[in-house]
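For reference, the structure is listed below as structure tokens.
Note that the chains are named A, B, C, D and E in the order they appear, and that numbering of residues resets to 1 at the start of each chain.
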Amino acid sequence: MTRFFKKGSPKAGMPPGSLVHIGEPRPQPVAVRVMAYEGERLVERSVENLEEVFPLQGPPAATWINVDGVHGLPLIEDLGRRCRIHPLTQEDIVNTGQRPKLEAFDDYLYVVLKMLTYDAAAGQIRAEQVSLVLGESYLISFQEARGDVFEAVRARLRQGRGRIRTGGPGYLAYALMDAIVDHYFVVLEAIGEGIEALESDLAQEPGGALVQRIHRLKREMIFLRRQVWPLREVLSRFTKTDSGLVDEATRVFFTDVYDHTVQVMETIESFRDILTGMMDLHFSLTSYRMNEVMKVLTVIATIFIPLTFITGVYGMNFRVMPELEWPWGYAAAWGLMLAVAGGLVLYFRHKKWF
Amino acid sequence: MTRFFKKGSPKAGMPPGSLVHIGEPRPQPVAVRVMAYEGERLVERSVENLEEVFPLQGPPAATWINVDGVHGLPLIEDLGRRCRIHPLTQEDIVNTGQRPKLEAFDDYLYVVLKMLTYDAAAGQIRAEQVSLVLGESYLISFQEARGDVFEAVRARLRQGRGRIRTGGPGYLAYALMDAIVDHYFVVLEAIGEGIEALESDLAQEPGGALVQRIHRLKREMIFLRRQVWPLREVLSRFTKTDSGLVDEATRVFFTDVYDHTVQVMETIESFRDILTGMMDLHFSLTSYRMNEVMKVLTVIATIFIPLTFITGVYGMNFRVMPELEWPWGYAAAWGLMLAVAGGLVLYFRHKKWF
Amino acid sequence: MTRFFKKGSPKAGMPPGSLVHIGEPRPQPVAVRVMAYEGERLVERSVENLEEVFPLQGPPAATWINVDGVHGLPLIEDLGRRCRIHPLTQEDIVNTGQRPKLEAFDDYLYVVLKMLTYDAAAGQIRAEQVSLVLGESYLISFQEARGDVFEAVRARLRQGRGRIRTGGPGYLAYALMDAIVDHYFVVLEAIGEGIEALESDLAQEPGGALVQRIHRLKREMIFLRRQVWPLREVLSRFTKTDSGLVDEATRVFFTDVYDHTVQVMETIESFRDILTGMMDLHFSLTSYRMNEVMKVLTVIATIFIPLTFITGVYGMNFRVMPELEWPWGYAAAWGLMLAVAGGLVLYFRHKKWF
Amino acid sequence: MTRFFKKGSPKAGMPPGSLVHIGEPRPQPVAVRVMAYEGERLVERSVENLEEVFPLQGPPAATWINVDGVHGLPLIEDLGRRCRIHPLTQEDIVNTGQRPKLEAFDDYLYVVLKMLTYDAAAGQIRAEQVSLVLGESYLISFQEARGDVFEAVRARLRQGRGRIRTGGPGYLAYALMDAIVDHYFVVLEAIGEGIEALESDLAQEPGGALVQRIHRLKREMIFLRRQVWPLREVLSRFTKTDSGLVDEATRVFFTDVYDHTVQVMETIESFRDILTGMMDLHFSLTSYRMNEVMKVLTVIATIFIPLTFITGVYGMNFRVMPELEWPWGYAAAWGLMLAVAGGLVLYFRHKKWF
Amino acid sequence: MTRFFKKGSPKAGMPPGSLVHIGEPRPQPVAVRVMAYEGERLVERSVENLEEVFPLQGPPAATWINVDGVHGLPLIEDLGRRCRIHPLTQEDIVNTGQRPKLEAFDDYLYVVLKMLTYDAAAGQIRAEQVSLVLGESYLISFQEARGDVFEAVRARLRQGRGRIRTGGPGYLAYALMDAIVDHYFVVLEAIGEGIEALESDLAQEPGGALVQRIHRLKREMIFLRRQVWPLREVLSRFTKTDSGLVDEATRVFFTDVYDHTVQVMETIESFRDILTGMMDLHFSLTSYRMNEVMKVLTVIATIFIPLTFITGVYGMNFRVMPELEWPWGYAAAWGLMLAVAGGLVLYFRHKKWF
């Protein structure tokens, strides 16, 4: 259950703004990559030291600082001081248990969202927190670990295709969020395939393992829903924002990501409804099949029980049992047994039991 | 599950506005049909080349360009350039995984909605995306494949009955949307018949196949709901729009389509409620019938089990068994057995088991 | 399922405003009754021809034209032309598949609502569409067939009691809607009695027929809810309308009908909740009783099965079976059997099975 | 089900404002008690005739007229005429099937709310309608029968403690509503005790009677919810009203009652959730216990069935059965039987059936 | 159930503002601790008598008066008089059955919230009411008993780190509320661990005790939800308040606590969904396992029942039974029995029963 919220207990009681990394421990060192561009010009480098970054900054050039790893507290504090990031924002960046949100500060917008990947082996969705700090001339992005989702955006920046070089940090923020939301569909696809496999297995043979699989998929949908639901609100605010950080022309692109998010949400809801229906279906099928089994047992048992009783009667050892002496007694016993069996068969047919 | 969202993964990471056809592959070539009209005058032709279309355009004449097939990317790009359609709109036109929506751009309104047909053989609803681009003097409609739903609108245009020739592109957009929504009732009728058939089968004999049928219908309702739900919002915005593209007199007609959509939604909700009730009903019936079967088994088994025990006792071969020697022993055994059986029958009657 | 929406397919593709009667075929001819009144004066007649009506009209006199039967299309078209009723309104009047709604036009308000009756024989609620066109000096009401719900209003008009003669067409519209909504309580009463009968039957003995009855009542509640729910919105708009057609003094009466509608809705919701609870109750009871049956079977079977085995052992015909030769062998066998039976009885008592 | 709405059918078709008493018939005569006070002065009397009351009235003195019994129509009509109470209000006072509501008229506020008592013997909540008419200098309260809930308010008036003598009719209205809402907690307490008893019984032994008890409590919660839910809206409007009848200082007290009502609602919702959970729990437990019973039956039956078969084999009377002649045949048969039994026991242990 | 609301019955009928302690009886004496601070200066003491406190008060110094125990009515009355706390507020402070709320009075804000702890032994969440009275220069906090949640805040005050010494009473209120909400995560963690344990037990072996555990956890979630849900509204109002008591810079901190509360709520909802799913899972598993048990019983019983019948036939003692005389009769009987058994095994394999 720890996926559902990050344990915040070590922090309870500390003053707000205290930087404490909450999240999975990450062994890799923190890596900082900077891309600064202005029209034709593009400078890209991996930096060791923030000193190297800051001469690059300043309008009208746009700078994208990407930080892989939020466990490097001194670096984040340093960055916070240089860009005047509010202590509460710094605290949120390093605490990976945030829910998606948008916070407007005087100088920047702070966005939290979740990068999702489906770990097929564990049958679990993994969520990684991505924070964006969008200033007038810069965008700082924080990931928990190095991922390849942003690589396509980098490639577009290098090639300079489309609006990406000219759209400023606001457009870049859009491009990153779009890349993340597009990736949600990949997760949905994996889940959708799991549901399809379940449906065809269910038609074959219900089983305990199947119920567990339905249950696990439902739990993942609950998890997924929580990661995506608040994003809708975040993107809706982007499309209506009057902050100068996102210009009019870029806002229409946010509408597009908003639409995708709504589509993701609706798919999640549909999947939940289908999974709930499958649980019911499984249950009804199990119950129906038990009914069938019971009928066979009942039919066979109730036909033979009286017959066996009859054989028992004539297996008794009483000295005086007139029937046993009759020459046609054995044949009569068979006749009686066949009559009883036949009567019961007719009765069960009448009851439509087989 | 692929019906529930279109796989967007090939597109992940591409810049926005890249045209990639997402949807079922369609072998037929793209067909373009143009109808231009102004009061008495009506010109209709199938065109090969967009060059042929564009001299026709221009106020006050109204032009309807219908494109059957959205997999012809160059044609759509060409059309987009000529009519100044935003790249994001073009992208949405060729990506058939959109949800119904209305987007207002400077020069035009962009509407996405779904044409639905019920494939009785597969027991599935099929959705085809229809895009409308409504400009001041033109309406462009995009379908995934040639359908006959718009044929009635074409017939009315040719005959020039009612407002259709004089109402401009806004009224034409209404007429097309009305045709699509009217068709939803045909789908609902097919589903409704399926539900009625289910109800009468259920009263006969529950079975595993029945549960699967209920489940499948529920899934179709989930699918249907997703295709129709957002349309309500779209039409509501049409009835309130202050865009000059839809005049006051036409808006009242959109109210009418809006009403139909609400009615479709309510029918969907009623059907879902009824199907959920049927699942419960099936389950309760199965359980009740199992109960009946169990009672018969129990009654027969518990009556004969003690009797068979008695026969077993007197079938034992002990040397000294006084009862066996009694002349009226056999009759006494029958007496005992009848007494036991009678007692149990009275007990079960008292328990109201049969 | 055809009750849930009227088949609109014959109309698909026709231009809006085409008059096509959709609804049950009605053999009776259309009847028109007119009541015109002003203070002390009241003229009432059944008319054959609309010519007879129209000299009556004109402020300040108020005229109520009641049309029984909406399948007389020429009459409705004629009426529409004379009173300048919008073609869409005319279309809605003759299409009995409308949902309750209020539409404001320049000259009149158009109201659709449903008259409900409970057909006890079929166990179904029947809905009949009533349309009201409320103009400045007239009210036109359309019913599908002649009913007696409006008779009480006519009686009050004739007697001239209360405000009805002086309140104008707005007050008359209120009086008719009030009569219809009051009649809903009669339907609820019938349903409520059905639920009470179910509850007492359920306490006696669950059965398959009972489940079907619960299911049918639930379906009727779904149907009822759909007919009443939108009326709430209609009446709420009446209480807030600033249309000159309903004066201030009349609005408070609409508040009263609104209250009744809310009460009807709440009763429907309560009934649905109770019926859902009853389905669960039935299911739990069935399951509990099966449990009881199983216990009896188990107790009797498991007590006698080992005993029968013992008799079987001593019924074997091996040449060398020392026990059989013992003089007290038979008594010992009985002793063993009683001991086994006693042990099992104690075990089952310990398990609280009986 | 008649508790859920009052049968209004006798009234259908009557003009609004007709006084018809709808509710339980009450044999007692209507009693009127008047308390008039102003600062130090307090006059209290039971009156026979309204003539006695009206000289008392008039600002700045405040008058509380309490009417026990709403079946005295002439009295209510007389009171209505004297205090200019709208005919619709009079109609609502005598029709005890109102839902809680607040209606503002020119001269007074009309409030309906429900006094609830738990009838432990019948296991049912009883609701009695209380109407308050709050004018500038008077408050008229109507109860269906004489109750003792208002007695505490009367005592405070007599003692003149707190604000009650100086707060005017608005504060008095608050005091009465507060007394009624406080009494809801007494009802909740009784229900809560019922739930607790159920929970401990459920842990002991599930049974059919238990399910019925859960069902009945759920139905009471549905009933209770309906009586209380609309009150929330009523009190919320009191806290925001700008009617001169409730002054600023009194409004904060209404906030307090509002809070209590919200708390009552939340408790009702919690109880419903718990009861729903208990139904599931009962069902799961029954099902689990049946499983246990089945296992015992299966284990015993399946162990002895093969053994009994073996004894049957050697109980056959074929002339040539070599095993029967073997001197150690009997011992061998026992050996075989023990081996079979042991094997089955191991198999069931492996399956974890016992 | 008494946890769900505090019994208010002793108070019913008393005038508002009467101080009656409602809650668990507490034997400890009430303790008052005062911390007054202004920039560098900090005075801290435990006081016996309120006289000692009040000279400390007065702007610009900020004073925090913490009262452990709300059963000391005279002290609270005294405090109320000195700080001009409204009688209704005093009443709410000593009645521990309040729901979380924020009330704005002229001079102060009154906040109620719940401190939660998880009592692992009883498997129950315990709620303790905390009241805050936030004035311009003071903050008074009331706890039901001495707890250690505020200790961390005291430590920060003593050390004077961060804003706490300079932020005034508004910031102090934030710090206390933050400490309480942070503690909710500790409770969630305990519950989350319980759910995880349940899930792994469920995969092993379902049982009656398991269902009870799921039920109990669900009940705790209902309880938890009630304590936290209204807090969301309280904090939302803090972030938007224009009361001068909370300055602009502090409001952003309240946004942070608000975020945490939303996260707590979402976790509660996820947990409820998961627990509901687990109930279904348990039920489906039980039902599936019963099915498995039934199949084994059926297979074994139905194979041996006909065989036992055959042995019964040849155990009969008829004088004339030709088969018994055949020399190969015994072998033939075995042959018949094996054929029947084999046939049934093939049939069951065909039915996929094992």
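The criterion applied here is as follows: a residue touches a chain if its C-beta (ideal position, glycine included) is under 8 Å from a C-beta of that chain, and two chains touch if they have at least 3 such contacts.
None of these values were measured; they are calculated from a predicted model.
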Chain labels contacting subunit A and also subunit E: none
Equivalent interface positions on subunit A and subunit B, same or different at half: different
Centre-of-Cα separation between subunit E and subunit B, whole angstrom: 41
Cα-centroid distance, subunit D relative to subunit E, in whole angstrom: 25
Touching two or more other chains - residue numbers and ranges from subunit E: 283, 287, 289-290, 294, 297, 301, 305, 308, 312, 315-317, 321
Subunit C residues touching subunit B - in the complex, by the definition given at the top: 1-2, 4-5, 7-9, 11-17, 86, 88, 97-99, 101, 103, 205-208, 211-212, 215, 218-219, 222-223, 226, 279, 282-283, 286-287, 289-290, 293-294, 296-297, 300-301, 304-305, 307-308, 311-312, 314-317, 321, 323-330, 333
Interface residues, subunit E side, partner subunit A - complex: 149, 151-153, 155-156, 161-164, 175, 178-179, 182-183, 185-186, 188-189, 192-193, 195-196, 203, 252-253, 255-256, 259, 262-263, 266-267, 270-271, 273-274, 277-278, 280-281, 283-285, 287-291, 294-295, 297-298, 301-302, 305-306, 308-309, 312-313, 315-321, 352-353
